[in-house]
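Two complexes, one shared chain (chain A), two partners (chain B, chain C).
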Partner chain A sequence: MTLFLQQIVDGLSSGALYAATALSLVLVYRASGFLNFAQAEMATFGTFVVWQLWIWGVPLWAAVSLSLVLSFFGGALMERTLIRPLTRSASHLTLIIVTLGVMLILLNGAGWIFDFGVKEFPSVLGGPVVELGPAVISRQSLVVICTVFLLAAALWVLFQHTRIGLVMRAAVDNPESADLMGLPTGTVLTISWGLAAAIGTLMGVLVAPQVFLAPGMLLPTLIYSFTAAILGGLDSPQGAIVGGFIVGISENLAGSYLPGIGADFKQAVALAIIMAVLLFKSEGLFGTKGVIRV
Partner chain B sequence: MALLEVAGLHAGYGALQVLHEVDLTVDDGDITVILGANGAGKTTLLRALSGMLPARGSVTYDGTELLGRRRNPARMGIAHVPQGRGTFGTLTVEENLRVAGYHRPAREVESSIRRWQEFFPRLGERADQPAAGLSGGEQQMLAIARALMSAPRLLLLDEPSLGLAPKTTRGLFEGLKRINDETGLTMLLVEQNARLTLAIADHAIVISAGRTGEKRPAAQMWQDETIQRAYLGD
Partner chain C sequence: MSMLAALHRHRPRLAVSRWSSWLLVIVVLGYLLYTPLVSVPFANTQKSLIFSYALVGLGLNLLTGLTGQISLGHGAFFALGAYLCAVLVGNEGWFYLSAVPVAGVVGFALGYLFGRPALRLQGLALALVTLALALVTPSVIKRLDGITQGREGIILDIAEPPSFVSLDQDQWIYYVNLLILVAGFVVCERLSRGHIGRSMIGVRDNENVAMTLGIRPATVKTRVFAFSAAMAAIGGVTYAYAIQFVGPEAFGLDLAIAFITVIVVGGLTSNAGAVLGAVFIVYMPSWTQEINQSAAGIGYGVALVLCMLVLPAGLIGLVRIVGHPLVRRVPFLGPNR
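Take a look at the complex of A and B:
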């Protein structure tokens, strides 16, 4: 029982990370219609920026804030310079290849600038583990989980209760109508990419103390985040959150209880979930029917 | 005075030229209808006017040349109700109206929402429902109310009767006429349904194979034998 509870708690911790990255993926998917393979590497790069500032003596909170702003503009810049000019003429496949290219550039660029060695990263919240009945959870993991819920709440407020959020939803629903009405569709596209990048960096900062900062630190989790996004329906922010936790928990449980899976073969669980969703319920748990999956 | 003046307009989709020579004027405060069969270029004309298609020639709106400008016509007071309504199905009815008032001050938007919900009571009753759940007639009402939310000077309507029962269409056209009477809003409709549109229009123009004919008073168009044969079914 203790093991079971512990696996659930661990699943929630890793699920929170998948959920947050899935949220970034979904924001970009809603805006542009494809998955950004560079999402995790953008987050890692943003985390490196925080680390560098922190090494130079900038207080952690200031370094994080600055890097979040830089990440927002970095994501926005990527949309404006690499994605937008291609959207008229190129297929989604081309755009996905572009994001793969960006991923490789950031991966090796981070290695070139900061070297490939593993770096220690400061925790936002240190201290002893917290006991949840028989299970334990680190304070940092609690911060990660709470942050994901706060992010979800903030995005909900943005989409449901702000003018620009309303335009973002309208532009996703019917881009042509939104253009015809003179709504700032280009601007909301750029904002989506910026937000996705900033969310990524925030999560990178929060998990870096656990996974240790290195180029590609989030790559092993990217497949889980993709799974979470697909399970949630690709165009649904709440789906990304729910999907993230489901994937996190089932991956941990499968690793502990299913014979032959273990820690080495856990990624197969993600692939199995993707296959199952695509075969039996291609709109995912919360997605819009008819969304084209690439 | 002409609010909209179109001269020698050519437009199409890539190599396919649809509009060959379109000349027309729309007078301030008038309801002008463009009658034409399927494929005559009606939708293409409206799309060219609102800048969705590249076009050659001249489109003068309120004394300003529109072609070649980068500014969205919607920001200049031209509202376009597209064929197939183009409402935002995942947004609620009221959100559809609110988002259309994006460029107006918040207080005006709220009073405008109430105004059009009173004008189209169904939209008030269904304010909190997703627009996708509305019937065809209600969708069209919403599309029109949404266009009006931007406080336009010129309303372009692309076959509002499409897919609607005759009774629904009649109610809708009476609504358009009332809006025109009460506010003096200028309207340009393209339609296949000549009988109902001529009843509310001031002027009519026939378009066929991408070329426009002469503009005539709607009442006079009623009498025209070719129109009767082509569009009135007798």
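Take a look at the complex of A and C:
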């Protein structure tokens, strides 16, 4: 029973990371209609910027704030320069290949600038583990889980209760009509990309103390984040959160209880979930069903 | 902007006269047959590796370029071929060339079984599923360590030259791989023209129209997927010949991206482009490694982005930009002169 509870708690803390990355993926999907394969590397690069500033003696909170702003503009710049010229005319294939290219550039660029060695990263909150009944959880993991919920709440407020959120929803729902209404659809797409990049960096900073900072540190989690986004429904932020936790918990439970899975083979769980969702319920748990007029 | 538009313009394949295309084939084949005799073993192994990537590129070109279906997961079938070769030839002692048909048949069957459900998906979803397949491959290999020897990998010493030729092993393997590539190239060239090629392009451009013309898109897509998986598996066999080692870490995300780079940089929809792309991904790292160990990865990334933004037809597009005016102006080069 203790093992079971511990697996659930571990699943929650890894699920929080998947959920946050899935949230970034969903933001980009809502804006541009495809998945950003470079998301994990963008987050890692932003985390490296924080690390470099911290090494130079900037206080951690200032370094994080500065890097968040830089990430926001980096993501916005990527949308403007690389993605926007292609979204109207090009196929999924083109966009996927561009983001794969950006992923390679950021991965190896980080390796070139900061070298491929593993770096230690300061925790936001140190101290002993917290006991939850028989299970234990580190303080940093608690921070990660709380941050994800705060992010989700903030996005919900942004989308449902602000003017810019309304424009964002309109731009996703019907780009042509929104354009004709004179809404700044282009600007809100750029803002979505910037927000996604900033969320990525924030999560990178929070998980870096546990996974250790290195180029490609989030690559192993990318497949789980994609799974979370698909499971929750690609256009649903709440879905991304729920999907993240489901994937985190089921991956941990499968690793310890299903015979023949083990630590190495857990990614097969992700492949199975993706296949099952896409084939049987392709809109995911919370996504909108696609309707085609014929 | 007009320059960009010029680069983006679609250009058909070069219409060269019959004798000049035969001349090109003879010159290229002559060079390829002569060069291993005067090169160091490392250079021959590098070229053998190009041939195995080109085989994968040819299959992917049919799948992605002509039929319009993305796959990031052909590294899995490549690994399948390499491990079939390593286990059957290296451990079980089969004749080394027998691995080629076995890998072809097994690759086709598994490609069919995977493609049948997966190809109901389109675009993004298909890319994700196949990406997941590529990411799972190394852990599957490690999981099956009873057969694959897990993380250690399998060291091989196969494809000895027969006693009646006086060639070194690297030269012999070069010729074996070249022969397999030429055979694969001819098959893909035949497939991409005529009825089959036109049905693939029909499925890519408009499934509904293709259906009204009596083509079943699901059947075409699944068969092309299975065929390209078979090509990838055969490519894996030639990879095992060339490298003489198989290990799980060679078959992960990096390889999946390398294969995409092959067809994108070479030029989608062109068989010759797939071969050029394979040349690019093998030689580019050796040109850039003097700068920095990260330079190769950055080079791949920049090449992918640039090809999509500036040169969608890839290297073969460059060849056509230079080639079309030449073919038009130089006498005897063009058709019907």
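What we mean here is this: the second predicted complex is superposed on the first by the 290 of 294 C-alpha atoms of A that agree within 3 Å, B and C clash if a C-alpha of one lies under 4 Å from a C-alpha of the other, contacts with A are read in each partner's own complex, and residues count from 1 in each chain.
Here, a contact is a pair of C-beta atoms (placed from the backbone, for glycine too) under 8 Å apart; a residue touches a chain by one contact, two chains touch by 3 or more.
These numbers were taken from a predicted model, which means no experiment stands behind them.
J.: Could you look at A:Leu180 and tell me whether it touches chain B, chain C, both or neither (first, second, both, neither)?
T.: After superposing on A, A:Leu180 lies in contact with chain B but is clear of chain C.
J.: Check whether A:Asn108 is in contact with chain B, with chain C, with both or with neither, and answer first, second, both or neither.
T.: Touch partner of A:Asn108: chain C, not chain B.
J.: Figure out whether A:Ser65 sits in contact with chain B (first) or chain C (second), or with both, or with neither.
T.: neither
J.: State whether A:Ala170 touches chain B only (first), chain C only (second), both chains, or neither.
T.: Only chain B; A:Ala170 stays clear of chain C.
J.: Just checking: does A:Ser282 make contact with chain B only, chain C only, both, or neither of them? Give me first, second, both or neither.
T.: second
J.: Of the partners chain B and chain C, which touch A:Phe265 in the superposed model: first, second, both, neither?
T.: second
J.: Once the shared chain is lined up, is A:Ser256 touching chain B (first), chain C (second), both, or neither of them?
T.: A:Ser256: touches no partner chain.
J.: Which one hits more chain A residues, chain B or chain C?
T.: Larger number of chain A residues touched: C.
J.: Which residues form the common part of the chain A surface touched by chain B and by chain C?
T.: Of chain A, no residue contacts chain B in one complex and chain C in the other.
J.: How about chain B: which of its residues touch chain A in the complex?
T.: The contact residues of chain B facing chain A are 50, 52, 72-75, 79-80, 82, 86-91, 95, 98-100, 102-103, 146, 150.
J.: Using the touch definition up top, name the residues of chain C that touch chain A in the complex.
T.: Chain C residues touching chain A: 64, 68, 70, 117-118, 120-121, 123-125, 127-129, 131-133, 135-136, 139-140, 142-143, 253, 257, 260, 264, 292-298, 300-305, 307-309, 312.
J.: For the complex, give me every residue of chain A touching chain C.
T.: Within the complex, chain A touches chain C at residues 34-35, 37, 82, 85-86, 90-94, 96-98, 100-109, 111-112, 116, 219, 223, 226-227, 230, 260, 262, 264-268, 270-271, 274-275, 278-279, 282.
J.: Once bound in the complex, which stretches of chain A touch chain B?
T.: 163, 166-167, 169-170, 172-174, 176-184, 288
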